[in-house]
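Right, one structure below, let's go through it.
Each chain carries a letter (A, B, C, D and E) given by its place in the written order, and its residues are counted from 1.
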Amino acid sequence: MKKFTIMFLALAMMTLIAGPGAFAAGAEKVLTIGVDQEAVGLDPNIVTAFSSMRRIDLLYNRLVRYDNTFAVVPDLAESWDVPDNLTYVFHLRKGVKFHNGRELTSDDVQYTLNRVLDTKTASPGRSYITVIKSIDIVDRYTVKLNLTSPLPSLLDGLSSNNLAIVPKEVIEANTNLQKTECGTGPFMLQEWIPDNSMTLVKNPDYFEKGAPAVDKVIFRVIPEQASLYAGVRSGDLDMATINDGATIRQAAKDSKVTVMSKPGLNMRIFSFNTSKKPFDDLRVRQAVASALDRAEILTIAEFGMGKPTGPLPVAATAWALPPAKLPFAVTDVAKGKKLLADAGYASGLSFKITCASTYEGGLAVAQVAQDELKKIGVDAQLEVVEWGVYIDKWSKRDFEAMIELRGGSGEPDRFLYRTFHSTGGVNNFMFKDADVDKLLDQGRTQTKQADRKVTYDSLQSLLTTKAPAVFLYCPNENHVLGPRVSGFRQVGNGSLFYLAYTQVK
Amino acid sequence: MSAEGALLEVSGLKVYFPVEKGIIVRKRVGWVRAVDGVDFQVSRGESLGLVGESGCGKSTTAMAVARLEALTAGKVLFEGRDLAALNPTELRRARKDFQLVFQDPWSSLDPRMRVRDIIAEPMQIFARRGELDLDGAAIEARVASLMESCGLSKSFAERYPHEFSGGQRQRVGIARALALGPKLIIADEPVSALDVSIQSQILNLLKDLQRQFNLTFLFIAHDLAVVEYFCDRIAVMYLGRIVEIASSSQLNHMPLHPYTRALLSAVPLPDPAKERSRKRLILKGDVPSPSIERAGCPFRERCSEAMERCAHEAPRLSPPAPGGSGPAGPGHEVSCFLYQGN
Amino acid sequence: MIPRRLAKNGIALTGIVIVSLYIIVILVSFFWLPFDPVKIDADHLLEEPSLKTGHIFGTDEFGRDILSRIMKGSLVSLVISLSATTMGALIGVTMGIWAGYLGGRWDNWIMRIADIIFAFPSLLLAIFVMAILGEKTWNVVIAIGIVYIPQFARISRGAILSVKTNEFVRAARSNGASAIFILYRHLLPNILVPIIVQVSLALSVSILLESSLSFLGLGIQPPWPSWGNMLSSARKVMVLAPWTAIYPGFAIVFLVLGFNLLGDGLRDILDPRLKNVG
Amino acid sequence: MAITTNVEAILRVEGLVTGFRTGGGLVRAVEEVSFELHRGEILGIVGESGSGKSVTNLSILRLVQCPPGEVSAGRVLYGGKDLLSASEEEVRLVRGRNISMIFQDPLTSLNPVIKVGKQIAEAIRLHHGAKRREADARAVDMLRLIGIPDAERRASDYPHQFSGGMRQRVMIAMALSCDPEILIADEPTTALDVTIQAQILDLIRNLSAQSGTAVILVTHDLGVVAGMCDSVCVMYAGRIVERATVDDLFYDPLHPYTRGLLDSIPRTDSTGKERLYSIPGSPPNLVDLPEACPFQPRCPKAQEACARERPPEVTMAGRAPRTVRCWLHAGEDHHVS
Amino acid sequence: MESNVGRYIAKRLLSLIPVLFGVSLIVFFLVRLIPGSALQMYLGTQVEATAEQMVELKRIFGEDRPVLVLYVEWLGRLLQGDFGISLRTGREVLPDILSRLPLSLELTVMALLIALLFGIPQGILASLKRNPFVDVLNRVVGLLGLSLPQFWLAALMVLFFSGFRGWIPMGNYVGFFQDPLRNIQMLLLPSLAIGIGLAAVIMRYTRNSMLEVLEMDYIRTARAKGLRKRSVIFGHALKNAILPVITVAGFNTGYLLGGAIVIEEVFALPGMGRLALYAIYQRDYPVIQGIVLVIAAIFVLVNLATDLIYAMADPRIRLDDSGRKS
């Protein structure tokens, strides 16, 4: 007993003395980034988890990618031609090497696209490119895609991480790439300790000269937002991805750190199950739309870290109409009350808002919405469920109203078609509207940007009026940076691709 | 051996406790032979004492007679009916006729019940099943009269057991035992836990009650002096068997079995002169474990007169052979080769 | 007898005073609260505790008054802990006393079941139950109650084992009493002491468990406050506004302390061995 | 028989008062107890439960738990020193070396988790400064001496591995390991069967005779007293009601309580089956005893004075110190010295 | 003697089988009662999948066969030591659990040590100082420790210590064998948060047990022998008083292990509790099943170890087949 005590005290003392100074900085440049979630797997064609995508950003390349203005720019494809709207020809960069040293060729592009298209792979990226009829290899560095029908969002789809180009031999050796990695990206996987850290090292053969600027990127998994922020403050972390408004607001006042914040592509919506009473009645949906105060919701639920939006994310400036120009832009309690009364709910209405206590589940938004709806005589109950139950209810359409966070897109077709078309894969509103369907189909076949703009402008108005959901706001994408970091840029879809150009002192 | 007037007749009584091993499946690996073949009878109105040292099986015998311990073998004839063969309902009914008085005045009364309820409970149990024709008022009256018979002041009825001294608690226990008007009282060391001055009170009370209610006693004790005072006949037990049985005075003045003699000589006499002059037989060693199976006489290791025969043959309880060490009275039986022909 | 001794025992008395304070707060909360505990107030987000604004414990990230929410939440916390403990105690004690009384095979089976429940990490078990049954107040009660079953089963079994050797049990049997009669009339009243003490411990632990569940987002439904879900939502803003976490935390600490003091005092009073001391 | 007058007293207890504070009030467990013990003497202290006989002996070595117990008055003179006013350290050195104790229940009185050899050796090392090895060897010797077979091996057994009688032998070995002048045996055989009791009493008697150790034998069994003791103190309700040589006490009891006690014992050597005498009533509650003879409510010879005033301790004429605390004999006081 | 202990351990280990079997049965069906599925979680609200893809996905996620068949298959593989493959990460379950086990165990052991090192001396002190004021103060402080919610304490610690580098793990957890000092430094606060409640429990048990033991006859014997107070307390009293403390400590070790869940989450420690939490959130059935089984096994093993330690400390306990100790 006594021996134990002494030993323990001795250890404690040594710890105290050795403590903070115990780790020495190496000569190499290391950037440590804190994130709140661990990657699930690393196979770009298979994973769906947002957290995995953030690693894949740095490990793999796609044919094309978004830049920080949501413009599609070359990645592995140096350039591309679109001879007609059913044919795409990509010219690949030469001398691009996979991390195993082999050069990337058009075979790999063909293999990857086929892998995604194969139902056995069960790739979430398949829906982006189902229109591809065949993939022709023109030469070692040229690939031609033939489509069955026009798809203006094809390039946009190809920029998805789910369509990152992978080497055949590594997949065949490992059945998939979940635990291993062999991309063409600026960084290579060195070590992965699940739920703790992932260390990436610089790819010396990266095709872009001068990139990456650091030798190592270490991802650290810290679930608590407050701890992430504290980590950047204390210097344990160089930067952190934080999505919690309260923490960001705190960090914004802090001179020790820099906060980068810009509206992202994600979109917070208040969605209705249009197949169920009372939301099968358009007037009820519109009443809710009139009652919700976007500004207040943003202030309280996000601490102001976001921007009101319409059906297309405001950040996609090429397409999105500002919400002020759309119907129901202004909160109008009287109108809401009248609409309700017209629908036969003059004496009030009660329904359940399903939400989850996680960030995506929108509990905070739901609480504010609940409060606001009281003003038009709606007694909304919150059904706060665990995230898995939330997803279950979502996929079984077992809800009346729901607070959601939808991943938007810089390209209107890609987001709107699957979300609001009556055959759309993620149309869980059970929304069926002939006019909307018509406009969506039309947008797909039109090729000219100006024509499409007209179509999607009217579609935005129509969707806001028909209100399968109330489009609330786009939360900001936030990064908190320590003093050592420079050169980082935010994309807006969460991508950390610009870490490849980020420097540390 | 026809027991004319025998209220209780016990024959071949054995109580073995299994020694078990194993965790998932429990297997029996041996027996503790707590009672190993006991025969005796108690006549109406008689008091039979069972004496012996701790672990000799006297209490187990009493409990088995009362069917509070499962019998391994043997018969317990109570008024000619074998208690061992009764089904649970019959047994429950039969319990009215034989009741127990326990040793420990502290644990034998439920500390959460008032004295009145403790004494009334047996009657309530039987009345509820319609086996006793007493209503609430009648029960209350009977409780009062029982308390009086047992020397308990009426004012005690509302008190809890812990408010009493040991002697008073023992009186409560006796009143409870009498509640159903039993024929046989099995008293398991009823005065062992009491101080001398209280012990004599209780012994006198029991004697009075015996006379008053014509009770028959099976009286268990380790104190020979107490048993001799209280009982008509005494059976001495050792390692689960009766080694000697005789009338009290006979056992006192003419003990035959070496164990009985040692026991008697070990009892200190409250008389300095006698103590100084008496010759003591001090036994060697301790009582052996009852879980060991043994051939021969159970007492032989500690016996100063053990013969070779004792090691492989067990003596049977029988009247001493005439011409042995002296005259033995009627009903005097002993289990020792010293007193048996070949 | 016991009430008088309770009053004389300083520890128990302190416990009673603390618990009574909470009960008074609950009673008051039925009629009066400083502010509406669920009313969102965009003008007073995360305000510091101040006498001037009347938010003496400050406001949370929705501008709701923390004191009002703590007061409102105390009912939920107390009701949950009482019900869950009662449920666990009823089931557990029933299992335990029968196992102890019947012994042998029955004992083995009943206690194996208790062992199995016991082998589950308690929080995980509660999480499972919550996830299966859904987030309703009564399900929190069930989830927490289940956790207690094995504890009560073990304690009451042990107590029965020691009480059942008492001669008054034999006396009852010799009077022809049935097993149920003996169990409920004689044995149960005599094992109440350890059970009562365990109840007071369980009461306090259930408040902590409810908080843990709410902390993980599985407890009481917002916007209705429970101390646990207040802490849970405070987690995000506590760097900014420590009072959002500190006051609900103290509310828990003091009530749990109250229950513990009460239990400790009860143990002193009811344990006959300690009766002569102090 | 040791005639005690001309042998020096090695222990003198004078006016000892010990009380316990309880929730119900002050329990006066020992009240003005005085007696003396002489070299080689076996002194019996006899009384029923709660009469204060054990507390008296615990008070001698200041072993009464404090609180709630408290020795509030009196002197215990040993070796020219008053143990009650001596320092704790001085008393500690007397314990086990000069005055040893054995207790009623040898199972609970031995530490269950320490080997018996070690428990004996402990005292030897402490009081004789013996080395571990020596002490261990002496412990084995002691075990052998008090008749434990295979002592060498048994020394490394734990108490629960011994039978009741053997355990009491171990206690005795422990108590005698430092050759004390006085052995206080507190109900040493109460938990044992009669045949084992006979063994143990025999052992104590022989050891005392051999080594000249004086013994205070606390018991409730007058038979044991008759067989063992030279002189006796009878206690009732915390007081010594009668003090006499063993023969005087048994053949000429003076106090009504002593007489009642003797008459209520069933005897194996009696002839007839005459009804036992029994003292009516039960012992008094020691809290707030009235200023009266505590035995008065049960006494067949109670007089008016008995209910009014506490009887004085009367020293009687005759052999040895003979005292009685009773109004019946109040006029017969003989001060010897 | 030795073979006896061996046989006892073997038998106790055998008796774990029914318990673990029961646990496996319950956990397997319990997790499937929870609404939601791993497949749903994989798809989330963003992914479109065609009917053919869904067939394939259902096969991959094991939703194409009856649950009973799945159980039998799982049990069969389990008996061969194969815990299956995570539905979330595709990694093997057992190595994933085993890689996190050391941290959780270390956390538990440290918390236990803290509890014992604070609890026992404090408990002894409390039992000796019979001054009512000190006694009450001691008990109130002890009870306060018992009343602090672990997660609240942990959150406050993070709040106050996050400014000091190195005291709060920031996803840079290092194993004990990589850097013992850093490791202990990092785990000190978390284990304090977990251990403080148990310290209070241990203190109370030690105190009560000491009080009880100090009233025992053998303490009187020891004093009558003339032993010094110190020898009486440490040589005689503590040896006995520690026995119930062993039971309580062992009893609570399993609880500590399970209770580390929230703490691991708050302190960002890659332990088993956190794995369990995510597995539940993601409906990663094989991982949940594996973890619950491992924790249950550890729990019963700890109980066994407690019994063994108890038996070593208390010679009265014979490790034979007397069955369960109550």
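In the analysis below, contacts are C-beta pairs under 8 Å (C-beta built on N, C-alpha and C of every residue); 3 or more make two chains touch, one makes a residue touch a chain.
These numbers come from a predicted model, not from an experiment.
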Would you mind naming the chains that touch subunit A and likewise touch subunit E? C
Specify the chain pair with the maximum number of C-beta contact pairs. A-E
With centres defined by CA atoms only, which chain is the most remote from subunit D? A
Subunit C to subunit D, mean C-alpha position gap in Å, rounds to 52
In angstrom, rounded to a whole number, how far apart do the mean CA points of subunit A and subunit C lie? 43
So which bits of subunit B are touching at least two other chains? none
Going through subunit D residue by residue, note those that touch at least 2 other chains and give them in order. 67
Send over the residues of subunit A in touch with two or more other chains. 224, 226, 230, 386, 388-389
Residue set of subunit C touching subunit B in the complex reads 165-168, 170-177, 181, 186, 189-190
Touch list for subunit B against partner subunit D, complex: 53-54, 165, 167-168, 195-201, 203-204, 207, 222-226, 228-230, 252, 262-276, 280, 282-283, 286-287
Parts of subunit C lying in touch with subunit A, wherever the complex brings them together: 38-40, 42, 45-46, 61-63, 130-131, 134-135, 217-218, 221-223, 232, 235-240
Interfacial residue positions of subunit E with respect to subunit D in the complex: 130, 215-218, 220-228, 231, 235-236, 239-240, 243, 313-316
Okay, in this complex, where on subunit D does subunit B touch? 48-49, 163, 165-166, 193-199, 201-202, 220-227, 246-247, 250-251, 260-262, 264-270, 273, 275-280, 282-283
